[in-house]
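Chain naming follows the written order as A, B, C and D, and within any one chain the residues start at number 1.
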Amino acid sequence: MKLYEFQAKEVFNEAGIPIPKSRLIQSIDELSIALETVGLPCVLKSQVLSGGRGKRGLIQVVKTKEEAHQEAKKLFTHEANIKSLLVEEAIDIDQEVYISITVEPEAAKALLIASSEGGIDIETLAVEQPEKIVKYPIDIRDGLQNFQATEVAYGFNFKPDITKQMIKILLKLYTVFKQYDAELVEINPLFITKQGLVVAGDGKIMIDDNSAFRQTRYAQDLSDYRTEAEYEANRAGIPFIQFDGDIGLMCAGAGLTTTVYDLINYEGGTVANYLEFGGPNYKKALEAMEICLKVPSKVILIVTFGTIARADVMAEGIVDAIKRLKPDRPIVTCIRGTNEARAVEILKSAGLEPLFDTEEAVRKAVALSKEAK
Amino acid sequence: MSIFIDKSTKVLVQGITGKEGAFWTKHMIDLGTDVVCGVTPGKAGQHVEDRPVYNTVKEAIIHHEVDASMLFVPPRLTKDAVFEALASGIKKIVTIADGIPLHDMIRIRQAAKDYKALVVGGNTSGVISPEEAMMGSFPHWIERVYKKGNIGVMTRSGSLTNEVTAMIVEKGYGVSTLIGVGGDPVPGTRFAEMLPYYEADEETKAVVIIGELGGTMEEEVAEAINKGVFTKPLVAFLGGRTAPKGQKMGHAGAIITGGKGSVEDKITALTKAGALVAKRPRAVGELLEELNVPK
Amino acid sequence: MKLYEFQAKEVFNEAGIPIPKSRLIQSIDELSIALETVGLPCVLKSQVLSGGRGKRGLIQVVKTKEEAHQEAKKLFTHEANIKSLLVEEAIDIDQEVYISITVEPEAAKALLIASSEGGIDIETLAVEQPEKIVKYPIDIRDGLQNFQATEVAYGFNFKPDITKQMIKILLKLYTVFKQYDAELVEINPLFITKQGLVVAGDGKIMIDDNSAFRQTRYAQDLSDYRTEAEYEANRAGIPFIQFDGDIGLMCAGAGLTTTVYDLINYEGGTVANYLEFGGPNYKKALEAMEICLKVPSKVILIVTFGTIARADVMAEGIVDAIKRLKPDRPIVTCIRGTNEARAVEILKSAGLEPLFDTEEAVRKAVALSKEAK
Amino acid sequence: MSIFIDKSTKVLVQGITGKEGAFWTKHMIDLGTDVVCGVTPGKAGQHVEDRPVYNTVKEAIIHHEVDASMLFVPPRLTKDAVFEALASGIKKIVTIADGIPLHDMIRIRQAAKDYKALVVGGNTSGVISPEEAMMGSFPHWIERVYKKGNIGVMTRSGSLTNEVTAMIVEKGYGVSTLIGVGGDPVPGTRFAEMLPYYEADEETKAVVIIGELGGTMEEEVAEAINKGVFTKPLVAFLGGRTAPKGQKMGHAGAIITGGKGSVEDKITALTKAGALVAKRPRAVGELLEELNVPK
């Protein structure tokens, strides 16, 4: 689970990592008070979970009250469905630094990544001048130790005062990583101000979903779903992504789904949505199909090869869902695995033509999607 | 033949009295697995499939020789159960738990390294050597997948494994040992770490890996081939060639891999190392034939 | 630093370790309310830091209000200088268990010690039937793990319900050990009640003095000092113990002090007090001698062999202290170490006869102490 | 000759620019110690006694070969400084800090074991090989204590060490290497662990240990002699024979040692192993003579 910038900064602030003066507003009415607190010039930062906000125009520097109102109005009515803005003081930036802590799966360690050349071009730097990026493995039993943060910080060759601030921030960033069961904590850019202070310019925290049971502070935020179908799927606990193609996919397993996605593309078709209909969701045929039918697709393709997710149970669910929902588009099934013979009987008795070969099923779905055009 | 487990491997089951544990213990035994005993705290004295149950692993190993431990333990308790098995000197551990906290998995893998043990999982169906033995939750009854043979299979996926393996079997091949390393970002055991075992296994004539977007496990396989650690034919199938790119892991993910880690990069690395990469599941079996891998 | 029983139980209670119903009283006036809360019969437990309370009559079981008042009055006027009583419900005891966690210096681990036969005879058991006591080493990086607590608890062969309570208590006891930088956490006896509950009958927590800077909750309690001199020494940060012999000792270093103590005994003398006049205290001659003079001794013997604690600085301090305090008893000095030639000059110029040999100094002090009788 | 340190040992000083660090660095050099460089974060570029200062140990070892690290670091920061030295591959570390938290010391000793390193201290004056080298805060200028010779000395005490060693020197002996293991309940290095080095050192003809009440370090020495790990003459001095008994560690202390650990028990163990135990400091020198240890 990814936190919003304002949430990440809230966490940073509590941990003792300096953040700019700021105020979160949910409507244009709150802007004036925010400006009084924060001062001018300031930055209006749209709170959305997707990246590349700067390039998409979702971050605006404003110098006057009028400009602030004008830009805030634009952002609140932006198609990106922006629910809140972080109004933040404008910082006199001397330098932008990159720091993050993530997981290194091979070594089974945490990995501190740092570069004195932070900012939006960090990924380019990683490719072109990887030597400018420090990668420092951390044993999670002891955590990031003071001497390690010291080694990293002095490596930047900042002035002593900046270095001391940097050491503290690195140590605190690790405590956040640990305390929040994070997949990633990232500050990019970390500003060094002209006044000689080190301040988090942005903040990204991704909490491990498997640790949700012990990370209850920030529940999954639903305001960022783009469509009703995505929202419904999330409520039902069903992984779902919406695209703008023709074939609605109900598949089991991320690997098989991705493969079917590839096969559809190879055959010249397009995907309308991805829906996880396997694992713990294999008994949720009704909800799954209901969500699929909300997406404007031309055909629904169901591909499974289940083990614990029994084929017969899935087939029964599908048949039941068809009876209840009376879908307005053709359905192609390719349901295999445990008890597949029984599944075939069930599907046939409901008038469907069960297929057994994934490629064949994909070809049929693509053909149907083209016919419907 | 097979690696990791065969008929002679003595298996202990942690969490044997639970619903899932008892169900799959029966299936493991049906397939020939030598399940010698089980552990569930508080259930000592009970039996599951005639196998005695103990309160702790420590108690169990007093009475039984044990080579491997199979865990049917909820994700939150998995770290503790793995540590218990490791502390008792067990060197092969399989956990199928789906939902093990990330930071727990880091500790599990780190501890496995310290103990020079192999922990396979989580988020997997486990390990199966068809007609020999099984540790996990494989539906060995699906004949067109779980057929004995001479192809080693390693996978990060669930259903896709059935899809691909079915294509191998369709061509007349079978499986020596199938290892599901699991779909978690930090699996206990990685592809490249199992290659030396497949290399040493006389009956395994080729290995198929079923990979995914993200991470560096496939690149590590390419490196192992480059280093001569693995010299047998290797065919890879990778889903996600056309998948829309998500930027899930912020900049850090891209930085770690130096902007690499995409399916294209994996394909390049594997191809350079001399492995074949299948575009469709069906092609896996076809490529094995092209390589003249005996059936 | 050792906590009182009531403080240890406070810590246990917060950590989730069950304790008996109880109320702390500081005077006899509070007894009635305490009895109402706790009920009868109950136990009056004197809160003193020294051990062997039971054998010294400082713990009394009372059945009636009258008896309670009678015994409480006795305890509050007891020579042991009891400042407070813990009034605790009487427990229906089925079994007494011993558990503790301490440090194993050789292995560099924590050590969980447990026995199903707890109570006051645990030390005898340790000698006579050591196999009945489990010693379980714990890696402090991971702490006591659930499976380890499970192994220990099932080793007792209690009923499953008792075992489950035991596992939780062991795990919680470890969190206390860790959280309080403890040298020792001990529950003896840990009661198993006739009702099938596991409850801490007593509690001992010793906090590492070197961790005092991060263990600020319980400051050193001064009410337990027996004499004004001990209290003053503690205020001055000077280690001090009072005995009832004739020679007041101002020594540097625990090892040397203990050795001088031995030598005095060998020579037939007795020690009036021990005072640490070395290490960080070597400049505190005035305070040290002031404290020594409060103790009724016949002679003061000063033995040092200092390195950083310079001999000349100590000699100067002594001479200054003598001038100011004008001691009423003879002083024997044996001050060696860094700059000892200068120290000799200083002492001689003040009319003292500096000695260089510890045994000679001890013999002289013993002789003086006998002359004075 | 000497063990642990001699003229050729290249010493790094952590905390070299501090008051204490600079003071003792001068004295270490005066005694012949090969101090090659120092570390204090933020002071890179400075010099102490002409030795260059670096921000981190990692940086220092790029420019210097280092065999040992001497810490003049406050007790609260000692764990971090020891870990820094260990992480840089330094295998001999001395810390004189008085007041290192107990749980920190457990980790320090555990880490030292993991790294197969020796950490001497805290709460000690350190290690000295008279006329060769010194790591710590020994007043080597006190001639009647710090005289070169062939007696190895190990001690848990401070001032008592001067007292006892003076008695050794009074009899015409001198010291090969004096190691203060320190007075903390968990010292980084224990008596018995240093015995093999004294055993191997040709010039050391006998070892004197200066022990105390409590703990089991003296019993471990007796065991080492029993096992033949140490075969040279050994004389022990133990203070506290007549000391009033405190029950500081509750029941646990008594349980761990099975009711033992008193000075009498230590004397019994050492005597049984063939060591001699001196009753008074003066007797230490006398016993060495009785044992015909050459001067």
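Going forward, a residue touches a chain if its C-beta (ideal position, glycine included) is under 8 Å from a C-beta of that chain, and two chains touch if they have at least 3 such contacts.
Note that this is a predicted model, so its numbers are computed, not measured.
Common neighbours of subunit A and subunit B (chains touching each): C. Between A-D and C-D, more contacting C-beta pairs join the chains of C-D. The distance from the centre of subunit A to the centre of subunit C, each centre being the mean of the chain's C-alpha atoms, comes to 57 Å. Subunit C and subunit D have Cα centroids separated by 28 Å.
Chain centres here are Cα averages; for subunit B and subunit D they lie 51 Å apart.
Residues of subunit C in contact with two or more other chains: 141-142.
The residues of subunit B that reach two or more other chains are 107, listed in rising order.
Taken pairwise by the contact criterion, the protein chains fit none of the simple patterns, being neither a path, a ring, a star nor fully connected. Every pair of chains that touch is listed here: A-B, A-C, A-D, B-C, C-D.
By the touch criterion stated above, subunit A contacts subunit C in their complex at residues 141-142.
Within the complex formed with subunit D, the subunit C residues making contact are 51, 98, 100, 102-106, 108-111, 113, 122-123, 126-127, 130, 133, 135, 139-141, 178, 181, 183-184, 186, 188, 204, 206, 208, 210-211, 213-214, 243, 251-256, 258-259, 261-263, 265-266, 278-279, 304-309, 336-338, 340, 358-359. The part of subunit D that touches subunit A in the complex is made up of residues 41-42, 44, 55-59, 77, 80-81, 83-84, 87, 107. Those residues of subunit A whose C-beta lies close enough to touch subunit D in the complex are 142, 145-148, 150-151, 154, 160, 163-164. The touching residues of subunit B, counted against subunit A in their complex, run 75-76, 98-103, 106-107, 109-110, 113, 125, 137-139, 141-142, 155-163, 166, 183-187, 190, 210, 212-213, 215-216, 220, 237, 239-244, 247-256, 258-259, 279-282.
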